[in-house]
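Quick one: structure below, then a few questions.
To keep things simple, chains are lettered A, B and C as they appear, and every chain counts its residues starting from 1.
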Amino acid sequence: MWKKSRTLGGGMIPLLAAAIAGSFWLLLDPGSTLAFLVWLAAVLLTLAWEGRPRLRWALGAVLLLVVLPMAGMANSFLLELTVQIGIYAAMALGLNVVVGLAGLLDLGYAAFFAVGAYTWAIFGSAQAAAFLGGTFPLPGGYFYLFLFIAVITTALVGVLIGLPALRLRGDYLAIVTLAMGEVVRVLANNLDHPINITNGPQGITPIARPPIGWFSDLLGSVGLVLPAYIWYPLFFYLLVLLLIGLITLVNVRLSDSPLGRAWVAIREDEVAARAMGIPLLRTKLMAFATGAAFSGTMGVVFAAKQLFVSPESFTLVQSILILTMVILGGMGSIRGAIVGAALVTVLNLQVLKSLSEYLNVLRQSGAVLDLGFWRYDLSALPTQLEPAKYERLVFGVILVAMMIWRPEGLLPSRRASLELHQGE
Amino acid sequence: MDWQIILDILPSVLLEGLLLGLVYAMIALGYSMVYGVLGLINFAHSEVFMIGAVAGAEVMIGCVHAGPAAALVLALLAGALVSGMLAVLIERVAYRPLRRRASKVRLVPLITAIGVSFFLQDAARLYLGLVHDDFYRVYPNFELLERTMDLPLQATIQGKGIVLMGVAALMLGVLWFLVVRTPMGRAIRAVAQDREAASLMGIDPDRVITRTFFLGGCLGGVAGVLFGLLYTQINPYSGFFPGIKAFTAAVLGGIGSIPGAALGGLFLGVLEIMGGTYLPLVSDGNIGTEYKDIFAFAVLIAILLFKPSGLLGRGHVEKV
Amino acid sequence: MSRVPYRQETMRLEVREVSKRFGGLQAISRLTLAFEAGTIHAVIGPNGAGKSTLFNLLTGIYRPDSGSIWLHDQRLDGRPPHQVAAMGLGRTFQNIRLFDAMTVLENCLVACHHHLRSTYLDAVLRTGRFRRMERQAMQIADQALVIMGLGVRRGAIAGALSYGERRRLEIARALALQPRFLLLDEPAAGMNPQETQQLQETIASLRAELHLGIVLIEHDMHLVMGLSDKVSVLEYGTRIAEGTPEAVRNDPRVIEAYLGQEA
């Protein structure tokens, strides 16, 4: 055991270097995207690293609980971004149960996120009064209760959708879940008449945020006096970290339990699994409901954080986005799901956007590229050439490339790496 | 509510549904044939269709002065060729490497297909953006194609409707002939039944698969041009809904069955137009046209649940 | 679905007048057979005689078109495979179907869980009950692995095993179900003579020590004759002969069926 961690601990020096460099850089210059990326790389390396567990935990704790919040006080966008990463990571963990462990390709996963988000959005805003009457919004304190209510409602919706869909063969399941995901979106878009439940395409706003007086008191009591504008970002950041921790724990424990083994058995061979006493439909439903519940909880957080939900946030693209995270990280791999979520989110929210902005700057600079034999006026760059708009292209390339060259993902689960390369 | 209105517009509703249904039928065949030989839902087929439509628009706009007949023929040819070749390319680049590896994990080809589909949507968008600095293409107007003819029962049909029917019937007929009456068709059917046995009989499965993709792609491309003609505007995401509806049609008719796909397509087309027209009427506008896309999904879900082998398909027993 | 107590000498697995048709092919027609606990009962016959179909009917993968299947006094046909398994029918597959990505031990653990119920919450909270159930499952699985000589391989990934080991793991996995009847579909296929000899001894000991009823489909006549208490011969989905290995070997209809096929 000791020996093993020593040999695998080979990455310790680069890891420490990245962690220290990223931390200092980020603290000195919280506005720098590059510094954030180095910090993020350090977090992900810590996650991927298989060396000494204690050092790993300590390092992770410092990076996540000390460095980022401190940098976030200077630049609250950092908190915003990491919360976004966290929400996606939690959803990727949920989808990982469905796709990675149980081998069920769910292309409508964003629907569960939508159900969770709308659950809080409707009752945490005046919207519920539109069809129930009475006085709404509910006081913000209900937010905490709704985190649990969403677990139950989305799990139920998961079972409802799963009951018919999960009787189908794998490839048909994919297209039916895709269809059902679209149905949920179309319903959200159109249920503003005859009864106004979702407020249609305009979406719902403002949505109540949880009261966090206790949180600022808590911060004050340990001697941290922070400006008020940082309270909510910091609160959501810590909440999301906590939820990811919980979801990861549930994930790890389930995957090493009879249910988790049954999921993998079904993924590997349905006929053999049934012959070994595994009830197919019920086991698949459990996977579906588990994944749905994770997603639904994060939906509640998303609604409260954004103060606004609309059908736009729950499209097929969202479902594929999360699928891309799971595939990139490695199907069935818990660490992989988190790493995949971080990479894809950063790519999507930061890298592509920065590229777009950079191109815009080029365009407006009016500069002329002169290679002697070829001149190009940069202001003539087509305005449609905006990388931030080409997320589908990026996801498509990632999906295809991973499937062809590295189907087990960047951080393969113990089970997957062997299997996918058998026939080579 | 006025039943007389419903009855009065029925012929034109049916006719419109029939036209849309023919388009669905042609796309459905592409799904069905590929599913037959590879057992794969080729998600990218909806983009093959869309890119065929874009190619057709480009050619038609370019040939606008050559007159409607020449422009139309060239556009159809371009749509067929571009889509056929694109389908073959997709198979070569994305699907074939996976077959070589013969991975046990069933999700791999499916996820690849989704990736290709997404990639192509934005690739088309990039093309339109870079070349035209625009987001969509519009099919040109030809007076001859727009001209309206009166039919009995107060129905009318436009010139392009007649073209659509003729071309679709021709394509479906040619395909049926190719698959049922020629050695190539026999090879396709043999590979669909048992790839290994077919290869033992001297059939090269890869070649058959390539041809299947080409045929399916051609049909999809022609369908794309006809669809563009009918609805005039094509954007990079135009393929998604027709694609999923056509897949539904293929499943409805029994995947792998040619007459099944044709019938399924017609049924879905008529259902969609009827639902979209009548539901707002019947519900006094409470349930609007927005739900028309859901009909296909409802049919898909119902058919998969109650008769997954489709209306004309044969049952499937898994070998254990 | 109560489990019938163990070591019941009279336990029988019966097939009564069962027929099964696939399209134009009558795979099994009005077949009646009875298997008894504590005996090894071989089912032989030329290819396509319906042997594997019989297994799939017994284990609930196919539904018979007519007729019924009974375990003791409980009807099996019409039940889904996982219930049939839980009621005490463990099986192997002709074309080995292991959970390749899982370890040897996990393969067996999967089969243990139908009778060790711990809930979702137990697993998440790691309750005492959960740990107790896991320990029990571990014991059962380990026992099965030791019986099949795979104890030392328990941590290996199933997909990485040798062919002979894979065949044995399939049997171990079926044993971890703690079945009353063990259905073996060509367990010696592809094994060398030495491995086959070892397998023969193991199967014999299963009958003796666990008092299992063992149903054996096998083409290796040496193994069949050396091991079986009773042999049934199928042809075209019907039984053409039944009896001790000796009697069957000399039955003219059997000789004809086999020679007719080989000629």
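Criterion: a contact is a pair of C-beta atoms (placed from the backbone, for glycine too) under 8 Å apart; a residue touches a chain by one contact, two chains touch by 3 or more.
Because the structure is a prediction, the values reported are computed rather than measured.
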Report task. Average the CA atoms of each chain to get its centre, and name the chain whose centre is farthest from that of chain B. Result -> C
**Report entry** By mean Cα position, the chain sitting nearest the middle
**Finding:** A
Query raised in the report: What whole-number Å value describes the gap between the mean CA coordinates of chain A and chain B?
Result: 34
Query raised in the report: If you average the CA atoms of chain B and of chain C, how many Å lie between those two points?
Result: 47
Report task. Could you put a whole-Å number on the gap between the CA centroids of chain A and chain C? Result -> 45
**Report entry** Residues of chain A touching at least two other chains
**Finding:** 271, 419, 422
Report summary line: Where chain B touches two or more other chains at once, the residues are 104, 320
Query raised in the report: Residues of chain C that touch two or more other chains: which are they?
Result: 61, 93, 100
**Report entry** Complex contact set, residues of chain A against chain B
**Finding:** 99, 103, 105, 107, 164-165, 167-172, 174-176, 178-180, 182-183, 186, 189-190, 193-194, 271, 316, 320, 323, 327, 331, 382-385, 389-393, 395-400, 403-404, 407, 419-424
Report summary line: Note: in the complex, chain B contacts chain A through residues 39-41, 94, 97-98, 101-112, 114-123, 125-126, 128-130, 133-135, 240, 244, 247, 251, 286, 288, 290-291, 293-294, 296-297, 300-301, 304-305, 308, 318, 320
**Report entry** Residue numbers on chain A that touch chain C, as the complex places them
**Finding:** 249-250, 253-254, 257-262, 264-265, 267-269, 271-280, 286, 415-416, 418-419, 422
Report summary line: Residue positions on chain C within touch of chain A in the complex are 59-61, 80-82, 85-86, 90-91, 93, 97-102, 106, 109-114, 116, 118, 120, 123-124, 126, 130, 133-134, 137, 157, 159-160, 173-174, 177
